[in-house]
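Note that the chains are named A, B, C and D in the order they appear, and that numbering of residues resets to 1 at the start of each chain.
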Amino acid sequence: MVEIRYPVLLINFKAYSQSSGRRAVELAKVAERVSKETGVTIIVAPQFTDIAPVAEAVEIPVFAQHVDPVTPGAHTGHVTLEAVRDAGAVGTILNHSERRLRVDVIDEVVKRARELKMVTTVCANTPEVSAAVAALRPDMIAIEPPELIGTGIPVSKAKPEVITSTVDLVRRVNPDVKILTGAGITTGDDVAAALRLGTVGVLVASGVVKAKDWYKAIMDLVKPMMK
Amino acid sequence: MVEIRYPVLLINFKAYSQSSGRRAVELAKVAERVSKETGVTIIVAPQFTDIAPVAEAVEIPVFAQHVDPVTPGAHTGHVTLEAVRDAGAVGTILNHSERRLRVDVIDEVVKRARELKMVTTVCANTPEVSAAVAALRPDMIAIEPPELIGTGIPVSKAKPEVITSTVDLVRRVNPDVKILTGAGITTGDDVAAALRLGTVGVLVASGVVKAKDWYKAIMDLVKPMMK
Amino acid sequence: MVEIRYPVLLINFKAYSQSSGRRAVELAKVAERVSKETGVTIIVAPQFTDIAPVAEAVEIPVFAQHVDPVTPGAHTGHVTLEAVRDAGAVGTILNHSERRLRVDVIDEVVKRARELKMVTTVCANTPEVSAAVAALRPDMIAIEPPELIGTGIPVSKAKPEVITSTVDLVRRVNPDVKILTGAGITTGDDVAAALRLGTVGVLVASGVVKAKDWYKAIMDLVKPMMK
Amino acid sequence: MVEIRYPVLLINFKAYSQSSGRRAVELAKVAERVSKETGVTIIVAPQFTDIAPVAEAVEIPVFAQHVDPVTPGAHTGHVTLEAVRDAGAVGTILNHSERRLRVDVIDEVVKRARELKMVTTVCANTPEVSAAVAALRPDMIAIEPPELIGTGIPVSKAKPEVITSTVDLVRRVNPDVKILTGAGITTGDDVAAALRLGTVGVLVASGVVKAKDWYKAIMDLVKPMMK
């Protein structure tokens, strides 16, 4: 299993045109450059179709944005852990607010990912759901109040109690899982606040993807994570 | 909120023709008779369409088999907590293996049920999922390995370690939630085993619904629950 | 099979609190009164939990708002055609914009409804989808541009070409299916326009349910349908 | 829009390990070789993650196995038409029995594919569903009785009336759409029968993917399609 060093910046490319196809590779290369310059772990999560070219172009960890709960076989239009792994991904996001999953499906995929030595980051919308998914023992949890996603209003400022309450509830259930902060993160200040509140990284999307200057935007976000 | 006294026998009528329509009322009356004779709590969960006539006919607690995560309003073909409550239900089963739910949906419905003072029984297929749903603080959890449902092979005999492991994991997350055993339960011996393994009741369906003599079948199941 | 005489007013109660529980029975009785006074067919579609009490209280046709594609058996939290029929429904709405269905599921349920001599009204959002579902031979199609549902802006005024185009495309595929107009219908004028455009009735929800005076609202809608 | 010359052999790679990753490229190359040697159109449909490397390696048309009904934007874990097109796909399969879709979703994706000049092949399980999807005007329909998929029992032999009835119903709705035969096709004889029954090609998966000798298997299938 690839070893993830924390803190971590996880960039979700979503299906944005700004981070699709050739642009996915370019964005991943900028992320790699910042990671090399700062020593901070940056993970990129491009679309399924872009995993292979991105993984070939960069050495930083590549994640899928989702996988389906099926094993290789007669499944048309599904995405297996094996397929994203063979394309070069070392892990996957699961249960993003735009792709919610059944609780038994998260359990199944997290268990299979562990067998395949792949890393899982499970998103959650509330402290209670965070505690619930913590019981399934993924590697990371990302707490993201969905009403703040894409707004530029950082959860760390608008709803800090959501993060502290998440950290508190999750710790009682699972002391090992890493907790990321998501939703509305666009600046280094937001990241610094997320770290102060007890989480070890952030999950971002539009804050980076839609930035005019990717290098500047990513550098600003990782600065508070430098030792 | 209706007070549920434990141990408890929860009978899921499913969509079986043997427990539909007029037969749903008859089965509920037999359950009520056994409950009165033995003092053991018996909950019946008929189909949505049968909740009103069943709730009118009996005084034992009536549950829905599922509700949708929507509030009253513009939702065609959905089932709200308010609708099943107004029809006479005091609680609901959630996340049955035949009707699995997203983890955020379980969180949402359990929270709303609590506000409405309704009782929730959330099903789970593994010890890990049981621990996960325990973090959402429903009133009861029913651990049911799906491969045993409807088989007549009691989980308490075939996989006792699933139950003990569930009890163990759930207790670390939530000391208050009540745990039921489900899947393959057909006899009083199965119930006695379920109680010995640390659970406070059973969830049954075909074992009662398809029995030739409902009274005998239910009486056999509740005997080990009598004080 | 119950014979439906056209034109028809189909009232979808949705999950509105104004048309739930005891209020569902009251609304159905008002609809029945108008139907008797005018001779116009009025169908009521209450929530699943209200079908039995409504069907017992009135003699006009009662529909379900949706059914699941399963037969009686081990299906927890599902709604079968048999269950709604036994509760007193003579038909069902399918594929409402708030409860869209897979094309193979519509095919399956329409076929089973025909075997059970139950009436089906399949909703569609575009002329092309209307033509598609017409090929599955339901009894009625309701064309409802979803962007107008609940707005009070009648499709017959805002987008008459959607209706005429639907009538045109559907007729080439299936000359027998009855076509209803839905979305934004609140007045008799809207109904008159819907009839002029070649449809034989309307599907309404909020226009009736949220009216202050149900009798007046329904009477206004059916007047243009009187011979 | 890429021009597809008929008859056509469409090979669905599904999520089989035999046709994943590096093996996907190898299988596509064999298909290309047969296509060049025989002049018969062969389309390959690898997994999402394999579209880019396959499309780079071969000149025959590449399809996706499915796309989601979303446009580029904030959609995590979704697959857009634009993404598969940018990866090199010229079309997509839709509504395969392992990935059924809502009727309004098929309508939406087929319309958007047309705008993007991409080719669509919509699967259907019955003659009625075939007629329904024909009304949505995709480029091709593949009739596949699901109970025969993967069995090696060719629909053209086991249920020829399903194909003739499909051709008949589809033609009344849409004279232009091309019809393929699917399910259980493994030999040239099966293909010849499919052509005789009025369809212009076949959709295969395991019959090719699991063959010991891909070249031989594909050559056998396309022979009856040679002019």
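Observations
Definition applied: a residue touches a chain if its C-beta (ideal position, glycine included) is under 8 Å from a C-beta of that chain, and two chains touch if they have at least 3 such contacts.
These numbers come from a predicted model, not from an experiment.
By the residue-number overlap criterion, the interface of chain B with chain C counts as same, with over half of its numbers used by both chains.
A straight line joining the Cα centres of chain B and chain C is 34 Å long.
Mean C-alpha positions place chain B and chain D at a centre distance of 45 Å.
Shared interface positions of chain B, i.e. residues touching 2 or more other chains, are not present. Taken as a graph of touching chains, this assembly forms a single closed ring in which every chain touches exactly two others.
By the definition given earlier, chain contacts exist for A-B, A-D, B-C, C-D. Contact residues on chain A toward chain D in their complex (touch as defined above): 12, 14-17, 20-22, 47-53, 64-66, 70, 72-80, 82-84, 86-87, 93, 96-99, 149-150, 205-206. On the chain B side of its complex with chain A, the touching residues are 95, 100-107, 111, 124-126, 128-129, 131-137, 169, 172-173.
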